[in-house]
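Chain lettering (A, B, C, D, E and F) follows the sequence in which the chains are written, and residue indices restart at 1 in each chain.
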């Protein structure tokens, strides 16, 4: 059953830069609060903010063989997304794989597993989001799949979907929805700019969002 | 039953600056090792060290409506403390709420839940301690309470209690005990300064604290 | 039964500097992927990279008395390794103990428990790896042992074993295997340098490691 | 600071039997969805369903000394409730303490810690709710308090509060609210009986609770 | 965006009884070790063994409104599968909903959340697999979706997929693969019967599976 | 480095039956509160109470090949003890392996990993203690070791050590200490019998253990 799919739909990639700039929280809201990975997914260093097309990898626990297979499928602007077939925190990804990925234009990696060589990865400026940091080595014995749909940290990811990642976590945008999501994200950011100014001047959300009547109707009592 | 209490006892607030400087570990010791929140409460960035009067919020899982209600109750020197009515890691608090809080003189926030927009919050210098970081959005449907006693991350917090927070975590000091606690904290710091010098010079704690006889009496054997 | 062993085998200590430089991931691989502590062991600040001989401590939950006893056994180049007799996240180690440890030449501490005063420890440049950060104070009532074999975060540690710790975690090298491990680590690093260059130039791991035939034999299919 | 309070308000004890029969889920609803302990609190065997007045204990991690002190305070119809001063899963309570407790009329125990001798406790019919089962022994070195307010598994408990516990978990009812809560619980059970019959006959909640119009107004779409 | 899909593909339902009898471990193996939910999903009582077509529900944390909407979609032989839009352990499902579900022919429920009224559910013989048991009540304020694809406890579930659940956990079989999976499961069970007899007679797996040569080739050494 | 050690010291096996009867809590106390596995190790069914000589297995995550190798080493009265080389909850052990183990006289299995086929194992009366229950299948690709020292669930286990397991968990007794431990366990049980009778008659532990003076000296205050 293991398979490597060599052609994936990267049609949303031109929108990636702007989605990255919008950030995970805004994109997640813009698409109706879906697609967010679980909060245990943390960046190995602060400040990275990326987006790109998902190259998905499914592999056995403690076995990182398919990362090498996946590397051949990586194109400029892609992001590697890995999920083990059962929960595993081993260090699947380190500086050698990152060197290879970077050479092929990969923007970062997202693993529902462990990462290692974090000092080197930080020095290289190659961002990784993972469930933990672990030096634990892996074997190369069992084949898996590349570019098939996977569940990664609670989110469904199809190859070519846009991955947006920053200090708030990781969000998945369906390739075919990326344009609509970006439009809503832009709109949201514009509105937030205005709200931010009003709130900074001391105006209350209670008034700005006209919440008082509804709160009263719900029975909120002041004492 | 939900209620907003508009008058709280902030009489300990003048002591907040000095309690903040004492730090969580010292304050916790000074008050007899109580009031500490669970260790999963972590700051979103290192180095912040604050204290202030608690504005408490109790709200439903996935619903941050009461933050807006609470904001109106915030005065200069307060700290927002939130606990969901059942465990929840959603992103209740982000840069817009922080903008509003900052405009009202709030010194920081403590959530037994998730925070988002951590890059913006860091840039603003608005410190937050939370159980996790999550972009997950919330709704505004269910009313809760503001300024009632709550349990937050294992600690009992009453409105007006002094919250002390730094890189070591978060500690709660009862409003009426703050003065006594500060006195003991000062005393403790003075003594620690002296101990630090002696230890730095190579003196052993075994001798400085006169532990050898008691260890021997307990049966400790050297081999 | 509690005992303090005063003589331990530090014969591997001359190799510590070079093992530290090799790093946890390399050392772990060089010794056949064993000796790694669980990934919940994290440094209190980034960038530290140390190795030294283990001074082991076994103590009761919530009781840090034996740290004072252990301090007398610390020699230049040692690393303190602590494991509670049952799981405990209290703050066993802080700036006073670190001051004492530093005065005696200790290079760092590893605790399957909590650490506190992390701001001070960071300022001192005294690195600690621990399961959590907690201000929770401890008592001095129950005796334990110093320099006996312990299990720390899933790894077996004997006094005098070499502890290697960096941003990737903590690894234990048996004293008598340190020389062989270092030789393999050097060899590994030399080979990785070459691999890194080839991968950076765009060569695929698939080709460099000659994986294609074996993948095909295993049944990997391209689509 | 440690203290044993010898007089507590057990005025709600006559209501305990009926609160026990109502069950945790009903009582929790009846009192406005508050007072529930965290869901990691599990019974050591199925089927127990008890209520009684809380004898509260606060003690050090790994130290069960105060259970012996508390035993003297136990009266017919009480339930022992323990919380360690920092998280601990040691086996604080076993068959000897249960023998003593039973002899004094204690109905069960609730520990935010570990229990042991579960086979014996089960044979005795002495129910315990705890965070884990552990044979780990404890010391008797540090004094704590009996019958002071504590936080146990996320819930605030004052001595004399009614503890209700069954297969669904543990709920705390404030002594002074017990009568009102019981009245609402009775009311709720009566209404549920009727609802149960209608649902069993195939009537939909959508119709019985008249939800269709509100769902439509909220924008629910059928496809 | 919330939607209720009223027509789903239940074409695999005739195979459910036999898939249930095969059991989760066999079905999981037969379909190439995929589709298994995470191991935190546990039955509320032992011994249940069911299979049926998935009615999927996606709802907000702490909000069980959509269970009532979903109930109208339940047909004889279905199984309710729920996942919250962010992690939540509240008690979404209890005896009233189970009464309604049972009246409509539902065989059981699977929730990546909490269940309550477990004593009643057990008495009714209505099996539930869930991440925890919790009496925590929920609200009815936010609409969600019924019969859309969801991720539940790490597994992707589409409406109509066959859910197989027993004491080993929960496995999802794609509707269109159910027939092929069942064929392989039957085959596997037949072979296991034969193996079981040989192993019971004392034959070693080493010999039965002809492992000795391969182990030797891999370098396994006896001492 | 992987190796199978074929000769192990089973000299403590004649004591196993009596150690099993003493139970985990008593044995753990009798040997000075050491050797206990972490409390996440739970039996798949209640009531089993066994002891026997450890056959240890170390294997890769998601790979149960070495169980087959270990089976050849099992003798009457042994207990299989497995620990993965990195944390893994896959279902390493099920009814076929149990059939084989039982045929060779094995008394049970202890896995810091997952078990499956729990219904069958229960029907067979073959007890297993494990960190979780999971149907997740494993591969047979990587060799490991049999009968080498391992760390299992936080406890150090050498081949031939006595494993004692019951509803309270799992405890390891060093082969050479088994006789002394058993003597102390017998002594402890005799004394507990007497204590139990006194406590059952209403005598307080405070008096029986003469605790009042020491509590007063420590400063305990009654109010």
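What we mean here is this: a contact is a pair of C-beta atoms (placed from the backbone, for glycine too) under 8 Å apart; a residue touches a chain by one contact, two chains touch by 3 or more.
Since the structure is predicted, the reported quantities are computational estimates derived from the model, not experimental observations.
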Mutual neighbours - chains that touch subunit C and subunit F alike: A, D
Set of chains whose contacts include both subunit C and subunit A: B, F
Interface residue identity across copies subunit B, subunit D - same or different by half: same
Mean-CA-position distance for subunit F and subunit B (Å): 41
Geometric centre distance via CA averages, subunit E-subunit D, whole Å: 31
Residues of subunit D engaged with two or more neighbouring chains: 33, 36, 85-87, 89, 134, 136, 142
Contact graph of the chains (line, ring, star, complete, other): other
Listing of all chain pairs that touch each other, if any do: A-B, A-C, A-E, A-F, B-C, B-D, B-E, C-D, C-F, D-E, D-F, E-F
Subunit C contact footprint on subunit D (complex, rising order): 60-63, 85-90, 134, 136, 139, 141-142
Residue ranges of subunit C in contact with subunit A within the complex: 23-25, 28-29, 33, 36, 39-40, 42, 46-47, 49, 166-169, 171, 192, 195-196, 199-202, 204-206, 209, 211, 215, 218-223
For the subunit E and subunit D complex, residues of the former touching the latter: 2-6, 65, 67-69, 71-72, 89, 91, 94-97, 99-100, 102-104, 114, 116-119, 122, 132-137, 140, 142-143
Contacting residues of subunit F [partner subunit C, same complex]: 1, 32-34, 36, 38, 85-87, 149, 151, 154-156
